[in-house]
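Just below sit the structures, each encoded as structure tokens.
First subunit A sits with subunit B, and in the next complex the same chain sits with subunit C.
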Partner chain A sequence: MTGTIFVIQLLNALFYAAVLFLIAAGLSLIYGVMRIVNLAHGSLYALGAYVTAWAVGGAVGAAVAGTLGQIGLFLLLPIGAIAVGVLGAVIEPTLLRPLYRRSEEYHLLITFGLLMIIEDMLKLIFGGTPLTASNIMDGLGSISVGALPYPTYNLLVIAIGVAAAVGLWWFVYRTKFGVILRAISQDRRMAAALGINVGRVYVQAFAIGCFITGLGGAIVVPAQAAVLGMGVEWLIVAFVVVVIGGLGSLEGALVGALIVGIAHVAGIQFFAEIELAVLYLIATVVLMVRPTGLFGRA
Partner chain B sequence: MANAALATTGPRTGPSTGRLATVAIIILLVLVALPRIVDPYQTVLVTYGLAMAIAALGFNLLLGYTGLLSFGHSAYFGAGAYTVAFITRDLAVQSMELCILGGLIGACVVAALFGFVCVRHTRIFFGILTLALSQVLWSLAFKFFWVTGGTDGIRVAYAKLTLLGGMINFAGPGSYQRFVFAYYYYVLAVFAIAAVVMWVIVHSPFGKALQAIRDNEVRAGFVGIPVRRYRWIAFIISGTFTGIAGVLWVPLNGLTTPDILYWPFSGELVFMTVLGGFRNFTGPIVGAVLFNYLKTYAVASSEYWQLLLGVVLVALVLVLPSGVVGTFARLGRRFARRQ
Partner chain C sequence: MSEVTRRNFLNNLAVGAAAAATVAPVTYFAGPRPAHAAIKVKGVVPDKPFKTGHITFLTGPANLLGEPGRKGHLLAAEEINAEGGFLGKRKIETIMADEAAGTDANVKELRRMKLSEKIDLFTGVISSGNTPALGPVAEELGLLTMFNDGCTDFLFDKAVPNPKYVFRVTNIQSADGVTSAVGAAKAWPNAKRVASIQPDYSYGRNVHEHFMLAYQKLVPGATSVSEAWPKLGTTDFTPHITKLISDTPDVLICGVWGGDYVAFYKQALRYGLFDKMKVATTLAFGGQPHAIGKDHPEGVLAGVHANYFFLHPAKGRWPTNDGFVERYYKRWSEYPSFESDGAYASLYLLKAAIEKANLLVGGWPEDEVIIAMLEGMGMDTPAGYLYIRPDNHQGYKDAVIGMTKNNPAYPFPVWDPNSIITIPIRDITAPPNWPKPGTTHNESTAAANWLKTTWLT
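Let's turn to the complex of A and B:
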């Protein structure tokens, strides 16, 4: 029995880490390329969750039936991610571009303003009641781990997390666009001098970062309801992840997400009261010992 | 180049100290007369604004003068507020002066502890570190509900408090009106003292050293300024000021909840400072009072007040980065030049 619980808790940790990785990877990608710490990132994650929950759980979900309908719902799942990506492509040129020359304080401020706006827009558009897309999770049923049932959907989320990690790694380290991204991240001026259209790459990078985060929201919402305030909460945990792993590093986001995922689940199991405090303290200790995180560059 | 630009736009002494003192005294006189002119509700609003102004003044010692953006000042505000809540509940303290003393010590200890860790970093890492540490306090206040009341918070009844060592108490009928009236002057007095103290600090050699650190850390180190220790001291002073604001805020609000420790509250402190302008001494004061009005009316007029405030903040950053005071000062200088 102990073994079964251990496996289930491990799966829970991986589930949590998969979602966290998507958020933290988006945050890190945006910071790595354009040196902006996006405080509105958690709210973008929430937006992805809300859009998917609204589309899959509400509007369309009620209309479909049968196996074909289930497959259709799966195809609809990334709609939240696409919505967030499109929003990102609008935000970057209009709100962020005028600020690159200014100091970091203004980056934090404008994204904090964005956070306030998006949080209330969610309330305005989707209302105060939590939304879910649990019909997807119900449709998949559960498998048995030892003697206990475990939702199959959670395994799918873990698989998506792994796929996203591999896909991002391939994208950043094995494609031409990835080379351009890394070049800009190292030396923006030199990249521009070599004829790279930095402005366009910024829009694309920001949109991709938003898309990944929105995907995190989209895949979490069949398992957990989208509620107001979730963005603000997850942002801080994502911060803990990137601080541990190193801001701007994809490997760091992965390792950080795994550490935080395991610490989170272990914390709930063994020391529920100080679980959050322990997470923040881990981040603090890492920042003190290795300011740039485990995988960060100075 | 960037440093030179910073230096010329940094907080300035203004036209002359004499003229400034005159203006300050006029404003103070207006504030003293205020409760006799406006209704009690407005008096309460200004009281809130003045309390927050102390917090913003403290915050700006770090942002405007030392060049460190803290996103975790809710921790010191909350430390002050919760200390008052604890000592009035558990030690049955009634004197507001003792509350201030307690909150001052509480905030100072937390700021010294957190600051010691935070000043090892600058720029973005400083911001994230302050944020993470403030969230440690938040999660503790949130989870240890048998000590802190959790989300219900702790009640701090104004009626049980006494001002000026017991000379003024609020027992009996009509006490709320008397409290509003007396407490306004009390907060005004603390605010005036705090503003003068902060003025002296930023114009002292220590304050100048902080500005030197802000403009060029390496050079400041070369002329013999102990950079990290000075940053730490500035952090402690800043946190303590914010803590006093928390102390004064609690009896007004009547309740302290984990919300004031949550990081969006730190964001509000940043907001009000930038609203007024962090490159001026008076900016944070004006910003805090303005923000308080802005928030009150936004909350009263719409369920979506956060949206309104967010739009204001975005517009502010894009159009008026030097804040209200900074913009007026610039317009004033341009006008003066034309004359």
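Let's turn to the complex of A and C:
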């Protein structure tokens, strides 16, 4: 039994870390490239969850499942991520671009305003009742870990998290677009002087950051539910991740997500009473020892 | 052929009596009054609107409770306004604010509503974190207040020990844990290993403590083997669920509520938790009924916190409920929850108090006279008979709980009619004037002290 519980809790930690990594990676990518702390990031995650739940769990999902079966539902799954990516491509040029020259307080104000607007829009469009997309999850069934069932779908989420980490690393360090991203991140003026269309790269980077976060929401919703307020809950934990890992660093987001995932689960299993404090304690220690985070630059 | 229901029985009585006497006698219940039973208002009443401030969760996972509360309030207001308003003159106007803004913001909003909007009544409020902060401010402002929920014992034990303006219509919180304990002990008398999963704030602490107090008296030898304290607003319960399973309990007491409960039960289902232990809840049926899916397991003890589920009292057994469910469904295309019942009953209680006060003093009665009428008032509400105790301004009605079962007539699980138990409220709550915490004892609530010293001894 102890071994079974250990394996399942480890999988729980990896599941948590996978979703958290997607959110934190989007947050870090956006900050790394355009130096904007996006407070609306959690709400974009929630939007991804709502759109996927609405599509997969609702009439669209039923129609697609009727013609294409379970595969159709999987094709529908990323729709939340795509919707959030598209929204990102609209938000950046309209709301954020006028603010780059202003101080950071303006960034915080406008993204916080955006958070409120998205939260209210979610309620207006999707209503107050939680939406679910559990038909995907139930279709996959479960595997046995020892004497206990474990949902197969959760393994898929972990796999998507790993694939996203590898894909992002390859994208940033092995492609030309990645080189441009890193160049802009290091010196925006020099990059512009070299003929890079910074404005276009900003839209693309912001949309990609939004897409990754939306993907987190899209893949989490079959396992949980889209509920009002979910964005704010995950935003706070995502900030703990980037504080530990270093804001603006993809490696930091990955390592931070793993640390937070494991600490979160271990806290619940062994010291339920102070589980919340454990996370913030780790963040505090990191801030004292390395104020820029484990992988952050000063 | 015509069935004698309680209401037309009463109405017939009223008609007969009206013929005999010149003063029309009045019946009071939560619902619109038939035209022939209209009251006769004494004196002159101004037709100034009656302004009401209502704070509830308009956003966040707790909106699952806030929304039906808002709808119950609005339905009652619309019905009363259709009769011309309070005393046929003062129409109810409601201004709303979002409880999710946080305790400090709620306190500021309450002051603003009183001082700049000049509200006559304050109502709503779901969270037990908020009523203890809002109650003293309402007393200080001299503002007539009817909390619909926010049911912590602490409000009238400590925060407002001698209320004048503040009432609470629904439930006293300690009764939640005790009700679930009675239900669980009756269903599973041999379940000795107890696990607990509670939201990590005052409500969860209260449920855990009072459940264990009562359960250990009902099931001798019961021990707590596992505790999980997810914070309010948690969406990922899987580590908590795995921990609970690892401690191999016989029964789980769950106080998780709102959108959190929906996420919890779906994950627990897929982790096989319901196969490993019996589950008792305080709020599984606490949100809008349709928020819980057909995939919810059967045989779970489903609590309703403030003791109302729309199918109980059953159709044909309690006309006040039949009419309420019908009108509510017609208005909102969904079924009411206990928050709907509480918010709805609040306005009708006030209406009855205003009418009684008017009969006494004529014209629009002062708050003091309305309050004197509310103290000790009893009334038929959708949930059953509701009584406002004069010593602590708390509403009391019998506690109910039942087991989940799927019924093809509804797209969500409901109570198995054969499983519903009703517990007289006086058997599970401290009697009037029982010593409050900090006087002769230092328990967390008066109820805890009463349970420890007198219950089943």
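Please note the rule applied: the second predicted complex is superposed on the first by the 293 of 298 C-alpha atoms of A that agree within 3 Å, B and C clash if a C-alpha of one lies under 4 Å from a C-alpha of the other, contacts with A are read in each partner's own complex, and residues count from 1 in each chain.
Here, a residue touches a chain if its C-beta (ideal position, glycine included) is under 8 Å from a C-beta of that chain, and two chains touch if they have at least 3 such contacts.
What you see is a predicted model; the values in this text were computed from it and never measured.
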Quiz item: Here subunit A is shared; do subunit B and subunit C fit on it together or clash?
Solution: clash
Quiz item: Just subunit B (first), just subunit C (second), both, or neither: which does A:L95 touch?
Solution: first
Quiz item: Looking at the overlay, what does A:D120 touch: subunit B (first), subunit C (second), both, or neither?
Solution: both
Quiz item: Which partner does A:F112 contact after superposing on A: first (subunit B), second (subunit C), both, neither?
Solution: first
Exercise. With the two complexes superposed on chain A, say which partner A:L276 touches: subunit B (first), subunit C (second), both, or neither.
Key: both
Self-check item: Stretch in clash, subunit C with subunit B, out of 26-34, 80-88, 134-142 or 314-322
Solution: 134-142
Quiz item: In the superposed view, which residues of subunit A touch subunit B and also subunit C?
Solution: 119-120, 123, 232, 272-273, 275-276
Self-check item: Sites on subunit C touched by subunit A in the complex
Solution: 58-64, 66-67, 100, 200, 227-229, 231, 233-236, 238-240, 242-243, 245-246, 248, 259-260, 262-263, 266-267, 270-272, 288, 290-291, 293, 295
Quiz item: subunit A touches which residues of subunit B in the complex?
Solution: 63, 69, 71, 117, 120-121, 123-125, 127-129, 131-133, 135-136, 139-140, 142-144, 262-264, 267, 270-271, 274, 303-307, 309-314, 316-318, 321
Quiz item: Inside the complex, what are the residues of subunit A that reach subunit B?
Solution: 37, 39, 95, 98-99, 102, 104-106, 108-110, 112-117, 119-121, 123-124, 232, 236, 239-240, 243, 247, 272-277, 280-281, 283-284, 287-288, 291
Quiz item: In the complex of these two chains, what residues of subunit A are touching subunit C?
Solution: 1-2, 5, 8-9, 12-13, 15-16, 19, 119-120, 123, 128-130, 132, 134, 137-138, 142, 148-151, 154, 220, 223-225, 227-230, 232-234, 264-265, 268-269, 272-273, 275-276
